[in-house]
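What follows are several structures.
The two complexes that follow have chain A in common; it is paired with chain B in the first and with chain C in the second.
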Partner chain A sequence: MHSKPKVFWIDAVGCNGCSHSFFNYGEIKELLDKIELLYHPLLPSKEFKVQRSDILIIEGALKTTYFPRLDFNLVDLIFELIKLSKKVIVVGTCSVYGGIFGEGVLFNKKKEGKFFEFKEKMIALPGCPPHPEWIAYVIEMLIENKNILMDKENRPKEIYSYTSHMGCIRNEYFEWKIDVLEFGTKEGCLFYDQGCQGPFTHSSCNRILWNEINSKPRAGTPCFGCTEKEFPKKNLFKTETFMGIPANIPLGVGKRAYLTIAGIAKSLKNERLSKRLINEDN
Partner chain B sequence: MSKEEKKLEIMKTALNLFAKNGFYTTTIADIAKEMGMSVGNMYNYFHSKESLAKELLIYTSKIFGDEIRKINDMNISSKEKIKKIVELYFNMAKEEPELVDYFMRVYLSNKEIFSNGCEGMLCVSAFVTEIMIFFEEGVRKKELKNQDFFAAFGLFMGYIGGLAFLFREGILGKDLDEYIKPVSENIYNALKA
Partner chain C sequence: MKITKKIVTKIEGEATLKLYKKDFLIEFAEIEFWQYRGMEEYLKNRAYMDACVINPRICGICGHSHLIATSKAIENALDIKIGNKAKILREITLGLEIIQNHIKWFYLTLYPSVKEINYFKALEFSKEISKIIALIAGQFPHNSYAIPGGVTCDLTNLEIIKVKNSLSKMFDRYQEIMSVDGKSLDLEELFSDIPKSIGKSLNRFLILGNNLYFKSNGNAEFVKEEDSISLNKNVLYKDKFYEVGPLARNLENDLIKKVYEKYQDSIYTRIFARLYEVNLIFEYLLKIVDEMDINEKNYIKPIKKNGKGIGVIEAPRGSLIHKIEIEDEKIKSYNIIVPTQFNLSNGTKDKLSPAQASLIGEYEQQSDLIFKCFDICAVCVSH
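Now for the complex of A and B:
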């Protein structure tokens, strides 16, 4: 690419949360210095006009009925911008899968989305919002003209090969099947009762920490699975179970194998972890 | 006969004796005698009566588990699966009563033998896992009511185990086969969505 790639950031139907996440990138100034920002709805940029770009970033979902945006019908505008761009970063779960607000640009939940035909030049960054470093990583890779390894859904493998379970500081409790008994306690796993979707959610939230210090499960909130196509689900603070057995089990393991190992781990009770490590009451 | 085959023979012999005479009354010498082996040679296979009892529990649990797995893999409704599991259990109670007797008269009645090494699901996981899968899939298919696992497990296994026990005690007025249909229906009615 050019020494200063032209970047166009368009917001579709959404909350601008992905933009705000990006604004928290620690080296945003240095990154912005490396690009020529053609348009961003919130940052100072040139006057809006439909034009060619090296990198188009689409934030937010689509509405396929008439939806005005910058004097265009939204879907028509997005179509024009995609055609005029070399690479497209589809940023946020709304844009990738539809998320909270509507239809996705690349996918519509599990189906192909309105602009699936342009998949070749798209990079998907689901998340509600995606971590600022994930967004910056992809922009930097494109600036450097480096190859981004991607999975079948065009998500960068570097970010989405992992689950948000990986790196969770509660993993020892998961190993021994020791649940959080009370919301907000430091000890215990959030998977069995509190709704944590970490073991089956593709994300790096516990590897690349939020604000460089934390993640939802570390702070005691279950992973909501916000990078996944089914997001948002209902009852985010309650694990869905069928006859007491988690409806969703960790990725990559069969149900029979998981139940066997879970039953054995539970039977071999870990005494140390069965009580609070730090009891503030005495 | 390979060492593994011999070991299995000893287990089958012990299973019969434990089921018939109880764990404490049966001695290693009794099992050796039945096998036509010396007591010393027996210890080449099992270092204690307790370890033999634990291996037997894993063995019987696996036999039950493997059979229930076949039912789980069938493309039939939960209602039909319930009937097949009841049928399986009652047939075993009739054809291989030592298996059921061992589970009920030795394992469930003498938990102290199994307290070190067979805690919780450790030695019965093959069987319990298949029952879990049966329940989980039934709820997933919306055929069974979503409820606490043990509430359902107790209702199912406690019920058929109780009937098999009454049968073995000679208390049932009718043949066990005649209870397959009403018992299956009762279980289904209690578990259905």
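Now for the complex of A and C:
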């Protein structure tokens, strides 16, 4: 019988949100039973020791200045751990791109990151936080030695080929170009005014849902593009426009094509969707 | 005198504890935090609404409290009154965040520092609690559904019924962890070889928030930050250190009061109060969920563009303060004071903080446990 893969989870500069997101994975016990957990910042594990691992999981960003972690300078510790690992899962937007707190391990926003040279053994899981199913999926695929199809940023295609727009319950309003008039309503699409980045954000969260039940746009909150390299952009509750039209348009469509279809849809009023969905007078 | 320095891990983040000992007993303790993330600077010059996305990211376990404090601070700055429905929904999601925090703290942070425990029951429980938050707020962790003026969601009775039934189910399941009569097998098992009366502290308590069933006993205007020996700032109230958190805010409860009278502000009372608070929150949430009028508006659009405001709430670990200055819809300045700063300040020998006071006169072997009873959030401290 093969021994269990050794997994080392280290927290860099972040909020522990990736860990807490992972804790919501329904089959976490079954998953952890398949591995040997060498270290985790919160879960019970053996005494901290810099050592070899089969899978290294890095949560959090890097700081260019001295940042202590477990009596090491964080960047030196991460470097040692990467060198000693066979595969690295770069978990969360901080770790992949830098996010709020600094530079990423793999990328620094749009540029190459401090440890880009190790890209070949890295799998990127951006998201603030990443969905628990995503983390579990990558660990499982590595345990089973299965091939993970990845895009050029080393993101698994089975997750990041989707946009968070796919599965949004406001899609009918998007089709007919009907805006949300104000927050706190069931009706309307958040793309035109409220800053929703769903149509151009790589993520399967609206397909598999958060906490098995909901998503931000379903709860009336725009998608803030938390899986993307420039997260968090500025003016997150406001759609960036250029001459009155959204500056960022859905992935895969030319600007002219998008404007044509949007113009037509807007001119053909959908009567049902132009009213409150639940109207006491009806 | 011997000095030992150790890094406390398996908390949210890490802290450095320096213990000064004489004859194996702790004479003095210093608490240091050497991480700094620069959140307050990061917020400057951004649209104030951006704080509703950035601030939950202060912390992975209590980020929702930061969101609620943010929205309250902005509402205070821009003179916005929110509706009753939005207020109740926020109470529910914040109350639930406190619950998932306490259960993870007890089984993941505290218990394993003493003995082994099946922590998966805690993860299973907190997962279900997170699900109820997500049903209202979209997701957990890191949602932004509570915005200045109200909430972004527009629930139907279908969701409200599910919230209500889920609350009842989880309240019922919690009885196995700690019953409403204060019985807890796991808690008694934890104390099978540990004295219950260690870790006594200042006996001075502060409550600043007025959310849930908590009633403040002070005014956040009297809170001051001062520099300390490490990167965190000390927090004083009227020039004195105070303990904040579940023990501080639940002394009105008869059962907690009884335990307090027997063991004073020891680690046992501190743990008991935290575990029992979960029952009190469930009871309160089940009461207010019925007071919601579904036809009420979820959101009122802010009009003012300038102002100064403060948002104070009782978060999982105690009083949390956010202060904002808004100029032309942009953040001019932002200040965050977190509960762990109150409890883990670095005082001097004749002016000790609650955590320092709790360690003095105790054995070093117990220091980890005593320290962790404050439910340290070093992540929040290094904001």
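As a convention for this text, the second predicted complex is superposed on the first by the 276 of 282 C-alpha atoms of A that agree within 3 Å, B and C clash if a C-alpha of one lies under 4 Å from a C-alpha of the other, contacts with A are read in each partner's own complex, and residues count from 1 in each chain.
Heads up, the rule we're going with is that contacts are C-beta pairs under 8 Å (C-beta built on N, C-alpha and C of every residue); 3 or more make two chains touch, one makes a residue touch a chain.
Note that the structure is predicted; figures quoted are calculated from it, not measured.
With chain A as the common reference, the superposed partners chain B and chain C fit together side by side.
In the superposition on chain A, contact of A:V253 is made with neither chain B nor chain C.
By the touch criterion defined above, A:I264 lies against chain B but remains apart from chain C after alignment on the C-alpha atoms of chain A.
In the superposition on chain A, A:F242 contacts chain B only, with no contact to chain C.
Look at A:L42: by the touch rule set out above, it reaches chain C but stays clear of chain B. Contacts of A:I213 after superposition on the shared chain: chain C is touched, whereas chain B is not. Taking the Cα centre of chain A as vertex, the centres of chain B and chain C in the superposed model span 120°, given to the nearest 10. Of the two partners chain B and chain C, it is C that touches the larger number of chain A residues. Nowhere in the superposition do the C-alpha atoms of chain B and chain C come closer than 17 Å. Chain A contributes residues 241-245, 247, 255-256, 259-260, 263-264, 266-269 to its touches with chain B in the complex. Those residues of chain C whose C-beta lies close enough to touch chain A in the complex are 7, 9-10, 12-14, 34-35, 37, 39, 42, 46-47, 49-50, 52-54, 57-61, 63, 86, 104, 108-109, 112, 116, 119-120, 123, 126-127, 130-131, 133-145, 147, 149-154, 156, 297-299, 301, 379. In the complex of the two chains, the chain A residues touching chain C come out as 13-21, 23-26, 28-29, 41-44, 48, 67-71, 99-101, 128-129, 182-186, 205, 210-221, 224, 226, 232, 234-238, 278. Residue ranges on chain B touching chain A, taken from their complex, read 119-122, 125-126, 128-130, 132-133, 135-140, 144, 146-150, 152.
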